[in-house]
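Quick heads-up: structures coming right below.
Here chain A shows up in two complexes: once beside chain B, once beside chain C.
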Partner chain A sequence: MAKFDNWRSPVAHLSEGFPSSLTELPFTHQINLRGDITDKAFKTAVKKATGLVLPVIPNEVGMGKDNIKALWLSPNEWLIVSDHEITDIRDSLAEIHSAATDVSANRIILGLSGPDALEVLMKSCEMDLDPNVFKTGQVVQTLIAKSQAIIEKVSDDTYHIYVRNSFAAYVCEWLVDAHVEYRM
Partner chain B sequence: MLNRTSNGGKIDREKRVNFVFNGLSYAGFEGDTLASALLANGVHLVGRSFKYHRPRGFVAAGAEEPGAMVQLEEGAQTQPNIRATQIELYEGLKASSVNVWPSVDFDISAVNGLFAKFMTAGFYNKTFMWPRSFWMKLYEPVIRRAAGWGRAPTVSDPDIYDRMQCHADVLVIGGGPTGLAAALEAGRAGARVVLVDEQKELGGSLLSLNREIDGKTAIEWIEQAKAELAEMPDVRILTRTMLFGYYDHNYLVALEQKTDHLPLKDRSGKVRQRVWHFRAKQVVLATGAHERPLVFADNDRPGIMLSGSVLTYLNRYGVFPGKNIVLFTNNDSAYETALALHAERLKIVAVIDVRNDVTGELPDKVRELGIQVLEGHAITATNGRKRVSSVEVRAIDPGADKYTGHSINFECDLVAMSGGWSPVIHLFSQSQGKLKYDDDRVCYVPEKSVQEQQIAGSCSGEFLTEDCLNNGGVAGRIAAKKAGFSPKKEHEPLTVQEPEMGKMEPFWVVPGNVPVGEGSAKHFVDLQNDTTAADIALAIREGFESSEHVKRYTLTGFGTDQGKTSNINALGILAGILDKPLADVGTTTFRPPYTPVSYGALAGRNLGNWSDPVRVTAIHDWHQKNGALFENVGQWHRPWYYPKTAEKMQDALNRECLAVRNSIGVLDASTLGKIDIKGPDAAEFLNRVYTNAWMKLGVGKVRYGLMCHEDGMVFDDGTTARLADDHFLMTTTSGNAAAVLDWLEEYLQTEWPDLKVYCTSVTEQWATVSVAGPKARKLLQKIAPDMDLRPDSFPFMSFKEGEVAGIDARVFRISFTGELTYEINVPWHAGRAMWDAVMEAGAEFEITPYGTETMHVLRAEKGFIIVGQETDGTQTPQDLGMDWIVSKKKPDFIGKRSFTRSDTAADNRKQLVGLLTDNPDDVLPEGAQLVLDQYASKPMPMVGHVTSSYYSATLGHSIALAVVRGGLGKTGDTIFAPLANTTITAKIVSPIFYDPKGERQDGEV
Partner chain C sequence: MLLIECPYCGKRHETEFRYGGEAHIVRPEKPEDLNDTEWADFLFMRTNTKGVFAERWYHANGCRQWFNALRHTVSHQIIAVYKMGEKPPVSDQGSEDR
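The block that comes next holds the complex of A and B.
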């Protein structure tokens, strides 16, 4: 049985009320990766399995082959996101001290885009997301309202927001509400 | 509109705006404030004063207005105590006076004025002290009705408020000449600039003063500046935005009024007010200055106004607040007002100047027009009931505390006064900046900044427009530079055509025929709080000499205006009486907010369901549809119990408990914290954080563990499974998941960095469907036919991986109920599918969903603790009767060392016991205190308390868990719970009430 059969989004019941600038992305394969980036074997094994050069600069996103990417979370932690199953990584890392944990069902990913996206985020988040500061290819772990969230900037006016499932409805309701003034 | 000029002003005379004040209809123009429109209609009387209920009118034209507060609108939209000078007029506006009854014209409490002698400062404290009990019952309610201002709304606020976070390189506060110049320069350098101004349009003082800037009119210059700023993509301009709080690290907060200027019908659905939270690299304070009143006898009558405000009404709103005008001043600026009023063909009765030998551009011009100027004179009395009608003027000697000369009487309907200008240093002071008194400028000015800020223009004591513009420009350049930008060209100073200003003379109170404070005349200092110069004198006589004490004793500087017009005068009077230099008196503390902010605005969207995040599981909607009531566990909403129609709580619990004991119950256990622990040292790590041994746990097995803090007190508990040699999955209590992960990370990062272990939170990766009851195996067999469930192959405290209902799952055989239990873990998003499969397969067993309350009863029957219920951070494992889980062999683990402390090892500690009430139907209240001697005199020696208590349907009687001093050695003793009307007697027993040998955990085979 395919991995995502029987899966249901925690915000399925809310998506009808989403403005066009807010969407929930399809389920993806996500792995929380922890390891020592100064360990050459670790780096090489990850590269071999995913094509990814893990970012070492805080809050950067590294891109690999076939749309696979690694979001920097901490000096020894990344979130690997991929459209396709990342099968090889555990085998490659088997002999190396590391942790590659499947977290595909841990968070949903929201897409927020359009000219009002930045203001919607300014209403929701304390971080400085101004385009002069927060650039495409960057990621930040922060709060949306009172829920933890990861915000990734994927293009000039598009953001991906990773939210834990239990907070997902709260965050979606909040973001929908933040859009109201732009839909009037 | 009686009092309008024929043209001019920033109003649109084509657009009439109708409004109602105190039930009467009036009209103003678009661009008016409520104050300017009322003055245009000849209305000066707007309210009654706080204490004496004296008639009061307008003093100022902006935020510094001390009185002129109205009740705005009605019903849910009503707002009390809004300054009429800050209300933009809109069609249909309704307002009324506050603190009046029955009406502003005839106010019964005005009789207070007759008793004024008894109502001086400190009056309440002295008069209503005895008898003490009367304060709450009698004095306070009566005083509160008589004093105070408007009425709070009685229904909930229908409006929408929200919040915006904004980061800036340069935040400019104030959109007058200084702020505009600063924003222009910082913007030209490429900085991210935010310019905030409280007014609906930029310009500040330039809107009131006729100035020529580089050959352009002030209005033209403003338009040009606005156009240039609009072209800059990184400049944000926020008008109608009051910056009200300045906190550490250049964190500032402002209130934007987005719809308050619109007719009510046009506001619906829109955000009414927005609170902006700024973090700025640099702040430019361009907050300007406020004019001070002069303090003289009965200086509070309607029609006695600030001279600069009169000029604002005239030039900006085309309104003249009077036709026969006396000016009273200690500086040159009032002469400019006189000239402007004269140009409108209004009668200047006289200019009264306390100074002698007054010369200079403006006074000379006034004299040239034939206007009488009385030097060395002051207003010593005023007349008029609801509007000033005449003033008495006398010669005064500098430094004298009494006047001697004869009075001259001037009839007038307006007194325009100027006591000099005070920089608006409120925000600077909030930012913890230090002030100094400037003798030349006769005001406090900023001396030392402690944050990244520039202070410019009138806020720094530079009152001339040209200085403001050039100061502001330089400040903007410096701010941009410090924020990392390079201003390009050289700064080009602007030139302004403006009159020169002569020297000001400090002048704090006009003397009377007796020293101030001894006569009956009232020299008002703080018009909002009805504080007089006599009150300050009294405070000092009674020993309150510090400015902070005077403030509290007299109320000077309290209230919605925070003493914007009164503070410096009060300090001047204080210094005069103490015969000290003003610089030695010191100011009081300025605190946020600068002007009042409603609770609604501060709450923003964090209302109702959004006041705190509600965390729910993947199965939440099923629980809702099936009638669950919910309990908060941390932020989680967990099903509490599932009452059927007409079923009482206890009936539902009994049904749910019996289902689990006799057949099958199902619980959504997804909220348990789950932490993936991996690395070659993972077992060693667990060995150190748990009290029991972990090295030899087999792969595929599960073990229960207790975690203690360093003090040896239980902190969390849960089961941990060994997935592989170097790989474990830990569970934590629902409310503690984040705290435990933090705890583990802290130890890994700071204490044991040598351990090779990584932790990853997987709480929300896994949904957990817990199936419990003697028939659980039969159910699971139906949906997991390929899984070998026989007890010897899948024993208690082990797990298996495999397909359940076609979904990849990990099934744990653990138990919190004492019954055979399978906890089926699947990826979160498949949780609902698994639940549905279990419900369907369980139908033949009458599977019963149960909630947290039933879970609590079932585990209490088994004597299982709940961390946070049986424990409160002061229980060791030994206290809980869990010595068996504390390793005696391990060299160390967190908390071990504390178990040998004399207090921790004492035998008379509170220890966990079971209680059985003598009457099996009595259910002890949780939290009930316990005593050994029910007849002991009060206060009775308390030996413990009930931690958990339920009615057990399985056992047919109540059960309770409690902590009791030395309880482990008291089995069989009787103990008492003295309650309000009764005492419940109970016997101390083992906390394991049901199946003590664990014979039920394998279920039906």
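The block that comes next holds the complex of A and C.
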């Protein structure tokens, strides 16, 4: 895609040292969406533009068609993540009190998977990630090694970690280091 | 470490939050009518409660929402959390000997 042609990952220089369970996911289109969920016009416009039903329950992920999803960030804020460009959302919301901001360059997404993924995360983060509490399809904003991160549970042993570009290298180095004991 | 219950996200560790000082301080409707003492009182003077204290917290590394909490300043026990604009669910007065 043309948009990402000249983009460079802030962790490209580290990727050779990644264990097999850690990967950087390719650039995705991310939109920070704010609006009043009790406003029917807002809900309908988002549904029309993206096919998404925005999650109202805290820390949930709403899935739409064509691999588009909405991560709950706060009562009036969502992160829309998609592998294709969402072009018409701003036009659909033009008349409605809301904001849709392209934040694709804000965060990179790391994929953490495998049997050790949970333990690696538990070492790095104070959040209760027990499978009975943190379930597939949930998302949590918390700290990983003191840096702000969004953790999404994609499946039983797969997590997507969204970190700010400027923290990405540090968090990657931390996670690589956290993996060492499991590679013995 | 304190576990603080965000009214939106649920129980989280203290490190995700920022402290926002005393709650329920109302901005004077006509600040221009106040003398310097009254204005300074609004800006700077806070109660130093020993006991249950209504205070503001900010879930900085989570949902970035402000909320209120009733916390016992001696034991750090958090008695209740409630959203901005709501009244304290229990009284925050007269609990010195709790």
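In this section, the second predicted complex is superposed on the first by the 183 of 184 C-alpha atoms of A that agree within 3 Å, B and C clash if a C-alpha of one lies under 4 Å from a C-alpha of the other, contacts with A are read in each partner's own complex, and residues count from 1 in each chain.
Just so it is clear, a contact is a pair of C-beta atoms (placed from the backbone, for glycine too) under 8 Å apart; a residue touches a chain by one contact, two chains touch by 3 or more.
Keep in mind it's a predicted model, so treat the numbers as computed, not measured.
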According to the stated criteria, A:75 is in contact with first (chain B), second (chain C), both, or neither; which is it? second
Once the structures are superposed on A, label A:27 by its partner contacts, choosing first (chain B), second (chain C), both or neither. first
Kindly classify A:58 by the partners it touches after superposition: chain B alone (first), chain C alone (second), both, or neither? second
Is A:18 in contact with chain B, with chain C, with both, or with neither (first, second, both, neither)? neither
Does the superposition put A:126 against chain B (first), chain C (second), both, or neither? both
Winner on chain A touched-residue count between chain B and chain C: chain B
So, does A:182 touch the first partner chain B, the second partner chain C, both, or neither? neither
Can A:102 be said to touch chain B (first), chain C (second), both, or neither? first
Have a look at where A:142 lands relative to chain B and chain C in the superposition and call it first, second, both or neither. second
Per the contact definition in the header, classify A:164: touching chain B only (first), chain C only (second), both, or neither. first
Both chain B and chain C touch chain A; at which residues? 126-128, 146
Parts of chain C lying in touch with chain A, wherever the complex brings them together: 1, 8-13, 15-16, 61-65
Considering the complex alone, what residue numbers of chain A touch chain C? 58-59, 73-75, 77, 126-128, 140-143, 146, 148
Provide the residue numbers of chain B that touch chain A in the complex, in ascending order. 162-167, 192, 234, 269-271, 277, 279, 605-606, 609-610, 612-618, 621, 636, 671, 676, 678-680, 756, 758, 760-762, 764-766, 803, 806-808, 827-830, 832-834
Can you list the residues on chain A that touch chain B in the complex? 1, 4-10, 13, 27, 32, 34-35, 76, 97-99, 101-107, 119, 122-123, 125-128, 130, 132-133, 145-147, 164-167, 169-170, 173-174, 177-178, 180-181, 184
